[in-house]
Amino acid sequence: MIVKMKKEATREQMIHVEEILVGKGFQVRDISGIEYGVIGVVGDTSKIDVRDVEALVGVEKVTRIQEPFKQANRVFRGEDTVIEVGDIRIGGGNFTIMAGPCSVESRDQITEVARAVNASGAQVLRGGAYKPRTSPYAFQGMELEGLELLKEARKETGMPIVTELMAPSLVEKFDEDVDIIQIGARNMQNFDLLKAVGKTRKPVLLKRGMSATIEEWLMAAEYIMAEGNPNVILCERGIRTYEKFTRNTLDLSAVLAVKKLSHLPVIVDPSHATGKRWMVKDLALAAAAVGADGLMIEVHNDPENALCDGAQSLTPEQFEDTVRGVEQILNVVGKKM
Amino acid sequence: MIVKMKKEATREQMIHVEEILVGKGFQVRDISGIEYGVIGVVGDTSKIDVRDVEALVGVEKVTRIQEPFKQANRVFRGEDTVIEVGDIRIGGGNFTIMAGPCSVESRDQITEVARAVNASGAQVLRGGAYKPRTSPYAFQGMELEGLELLKEARKETGMPIVTELMAPSLVEKFDEDVDIIQIGARNMQNFDLLKAVGKTRKPVLLKRGMSATIEEWLMAAEYIMAEGNPNVILCERGIRTYEKFTRNTLDLSAVLAVKKLSHLPVIVDPSHATGKRWMVKDLALAAAAVGADGLMIEVHNDPENALCDGAQSLTPEQFEDTVRGVEQILNVVGKKM
Amino acid sequence: MIVKMKKEATREQMIHVEEILVGKGFQVRDISGIEYGVIGVVGDTSKIDVRDVEALVGVEKVTRIQEPFKQANRVFRGEDTVIEVGDIRIGGGNFTIMAGPCSVESRDQITEVARAVNASGAQVLRGGAYKPRTSPYAFQGMELEGLELLKEARKETGMPIVTELMAPSLVEKFDEDVDIIQIGARNMQNFDLLKAVGKTRKPVLLKRGMSATIEEWLMAAEYIMAEGNPNVILCERGIRTYEKFTRNTLDLSAVLAVKKLSHLPVIVDPSHATGKRWMVKDLALAAAAVGADGLMIEVHNDPENALCDGAQSLTPEQFEDTVRGVEQILNVVGKKM
Amino acid sequence: MIVKMKKEATREQMIHVEEILVGKGFQVRDISGIEYGVIGVVGDTSKIDVRDVEALVGVEKVTRIQEPFKQANRVFRGEDTVIEVGDIRIGGGNFTIMAGPCSVESRDQITEVARAVNASGAQVLRGGAYKPRTSPYAFQGMELEGLELLKEARKETGMPIVTELMAPSLVEKFDEDVDIIQIGARNMQNFDLLKAVGKTRKPVLLKRGMSATIEEWLMAAEYIMAEGNPNVILCERGIRTYEKFTRNTLDLSAVLAVKKLSHLPVIVDPSHATGKRWMVKDLALAAAAVGADGLMIEVHNDPENALCDGAQSLTPEQFEDTVRGVEQILNVVGKKM
């Protein structure tokens, strides 16, 4: 950690800051320049908030050198984490496709889509039972009934299921019923929810928040891991930028960043990233090419009448075509599906 | 709502789209140009998701003309909403200052700060009992004990209290104990939490999400109002941009936008917006000048040793100076404190 | 174009707006809802500035339906533009790699790099003679001498050269000396420069501005084309976002957007997008997978001592490895190098 | 400057980096932690590009502590720069209003507006002769004729004139004809243009680029100053963000940041920042309250028929009202007009 003093800070103020840091167990080194006092701080600074040091009198700016996440940090665990969901292994050279409708709408719909995506090679079935919608007047999901239908579809196809959890009060229910618990982008910093899923040992699919930095995203994973649950799968789903042609801007460099900084697996959701069906296949290929550990793709048997996100859902035929393309890319990059 | 067809869309596809819209009770008008088919849709489109119409075959893009919020919309309620908290009136020409520490740390601390800000003219006491922190290793607040200390400080000073709620399970407790329930920026789209506070009649301070558009923010207010609670106070606290000199970028034009689009009161939090103590006063003056209905300001009796956000907390003396400046601005713009 | 009137606008104001629009040769359709007057405007609105219509009394908002670009618009030219540079064809199923150092530093350096990238399969040699640097104290390029060295390297290897033009006064010189004129991100809306290169018939590589929307980027292309030069190659090089882990955020969905909206070729620059050497190969593969028409990659024979952008430059060996990977991806997506 | 080595970097690599830095005249201090090697670099690092150090083998990240601007830096000049334009003094406790139409359209128009804004208290007349427009098909300004009309308006009213320069070839003409040369947001990093105006001694109004950081903005000022022209006036005009309700997002905290980091005067343009006439007055008051050194405001005698930016232009009456409000705010903050 580097502490830059103000130009007008006194020698006493700098000593005061150093004493406080030493009192907290750090070593300090004077690396002052001509214009400013600068203190280099040596020790494990991951549990200090840089902003607290910035509050000290005479301090202008504090810069962290070490990343604030520990358990999610590749520095402390060199090999890739591989997460097992039944027979499926996520991360570490495996490539996993999760597919299904935005929301569960009926027994026929979810079963039909499940069979189709399974036949094309998807390994995990997605489907929303509880839906976070911008408008209170929009369809909010089939809720518990939707969960039951997902379970039926799992029974029918043998595919594990992933679905979004929005309320801490439902954690136990989800822990029992589903195979992977999804935390949506809007709840990436809903810390109560993160702590609640951290108390289970269920794999958690943690979507990147709409405008979360990579560090904040890994800190959200750290919340889950700090409670004892190491099974976190990250999911890049586009970030909010000034460009409005797409729903969000897919940040594929984030896949590389995460793999550098962390040992956790990271998959990509091109459906939410773009909001446009006709972009999904090509970005799925790109995600496979860049080195993602999998994909999450929305598929609907009747996108025109979907109760949500029809505009970004593939038909089963388009999904089949996408998976075939992805397979070829995986051959090139040396991953297996 | 305007539906633009693809250039290659057939006449049949356009008729199909029109039929679906008519089937949903809308009137349609053909306003096609030379290159594209375009349909103007007349009727209350606030309950349709434009993205669902975009899912129809042949459709390229759908643009909403009408805002999707109803109860928060000034179109349906011309006069300003005024929210009463005890004797205090928020909105409608009144100017309300909420002040206090980032987090409650001890009886002495909260009482001392409460007395000081009260003496300077703050009407509402803020203080976090449950703290959303980026790191799981950072101080998470005194929780229930903090809530009790806030109540004591209220008793002592007579100031109503505002504090952040993070878990739906604590809504009843907060409804009983606090005067204004704060929903933090990270939870602006935690819809379960919004619905829960919507079921109370307690005033809710709704902070703008880190990268929420004004429309999404008002839709979050709509979630609360749709459950029956009309007492929503909005709080602009800076948005996330590429500029990192400040913690966030304070968007004072949002105050004007909200006042145009909605009848709800809107206050400004310059402390979180900037993260820098030395910017707070001048931006507080600017917020008063632009027409905000109040301020939320962090004040600490010992910022150097604050357990959170010391770097952005004013001392009681700095707060006093800020309030005196704000008063003079309010004289110019014709508001009263 | 859709004109939404204010709620409080009078009938007379709406008629006034309609008369003005009719006077400009448009047809108008009343598509008013219950709360607002709304006018649908039919005709070629590409030469109207929506903001001018917004200036009319009673108007609240104007939304364009038709894109404002004409010559760059795929609607008016269905087939891909293919740009010829000597024997090389850019666009239309071809894949072109442009490579070389950030800046020309010496005869040895540019010749050595040119030979290496040529041997690996690059078709065009890049190299900066005039360098836009954030700091006036940083190396500004070898200027005319650099241009001469580039020409020598062309002579030696037979590769056409692309280099950045910053001053309108040098257009003639560049038109004579180079094969492709590059317009950098910072100058994407330097309209004088765009007009100047528009007056030549030389292929122009137009980089996307740091925070340019896709529409603004295509409008910049339109500036060049409107002067008579149809030979525009677009280059996505990352956009500015809140995320600072990478230098910029590479927007691969922009490739798809451009291909949908325009017939112009679009290539990708992963070096500037990320600023990180170790990300370049994987994003190059992703760019090939998503459907880009080529790549621009920085290569240096001695990155440690490069006078600019060494941190993002590949060594010749890394470049060779990248090209071999890209080739395999091109086999999958059916493009040829 | 702080150099963080990669975890896997060898001791030799770290020594190599240290040697290179010492060879460039710096002192180095080892401030390594347990996981990483870290080097503190002491000396004037303003002329090093951090990215060049990042290119060294074994280096992970380089962080600058010292700002890279010198002449614009308040550290090297404590007192405010005051720029004189005839009798007018800009900066240092003075408040200057520049007003006029977006573009010069006719003798009558510019003269009429000039008289009106002069009567209301504007000290400088603005008006575009050369207009940067997103579309090549939009009105590009009256060019030289517009310049002549501006000079006539100056003669008539005695007000100095400010107008935008877009081409380096016109620098001499502008130096002779105008009182303040404006560099527009799109050209903030048009370094050829910056160098050209740097060679004059004419006051330069440097608008902040659409997505320029404060540091980049001050570096652009540094380009002008490094050529010998110290007369730079900065102008905040809104930045590009995800929020599209306003044309840009006005960043009033930038005024405070600039005043902290630099001694140069900084004014605010609420017209371009918002694009909405009805927001201009309130944000002008806020700009005065926050401590800006002046305003630039668009005024048109007939906004409905303005050839550009009518939607954001005030009428002379609205401008008069705005100036009267600003005066009252200036009384509060202790500035004089």
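Chains: A, B, C and D, in written order; residue numbering restarts at 1 for each.
By definition in this document, a residue touches a chain if its C-beta (ideal position, glycine included) is under 8 Å from a C-beta of that chain, and two chains touch if they have at least 3 such contacts.
Treat the numbers as computed from the prediction; the structure is a model and nothing was measured.
Which chain's mean C-alpha position is the greatest distance from chain C's?
B
As a quick test, compute the distance in whole Å between the mean CA positions of chain A and chain D.
39
Centre to centre, by mean C-alpha position, how many angstrom separate chain A and chain C?
Centres of chain A and chain C (C-alpha means) sit 31 Å apart.
Find the geometric centre of each of chain C and chain D from their Cα atoms only, then give the gap between the two centres in Å, rounded to an integer.
The computed centroid separation for chain C versus chain D comes out at 26 Å.
For chain C, write out the residues touching at least two other chains, lowest number first.
Touching at least two other chains: 211, 240-242, 244.
Which label fits the chain touch graph of this model best, line, ring, star, complete or other?
complete
Which stretch or stretches of chain B touch chain C in the complex?
Touch list, chain B to chain C: 2, 4, 7, 29-36, 38, 40-45, 63, 65-66, 75, 211, 240-242, 244.
Under the touch definition given earlier, write down the residues of chain A that touch chain B in their complex.
It comes out as residues 46-47, 49, 51-52, 54-57, 68, 132-138, 166-169, 186-187, 189-192, 195, 210-211, 216, 219, 222-223, 226-227, 240, 275, 303-304, 306-313.
Considering only the defined contacts, which chain C positions touch chain A in the complex?
211, 213-215, 239, 241-246, 249-254, 256-257, 260, 273-274, 278-279, 282-283, 285-291, 325, 328-329, 332-333
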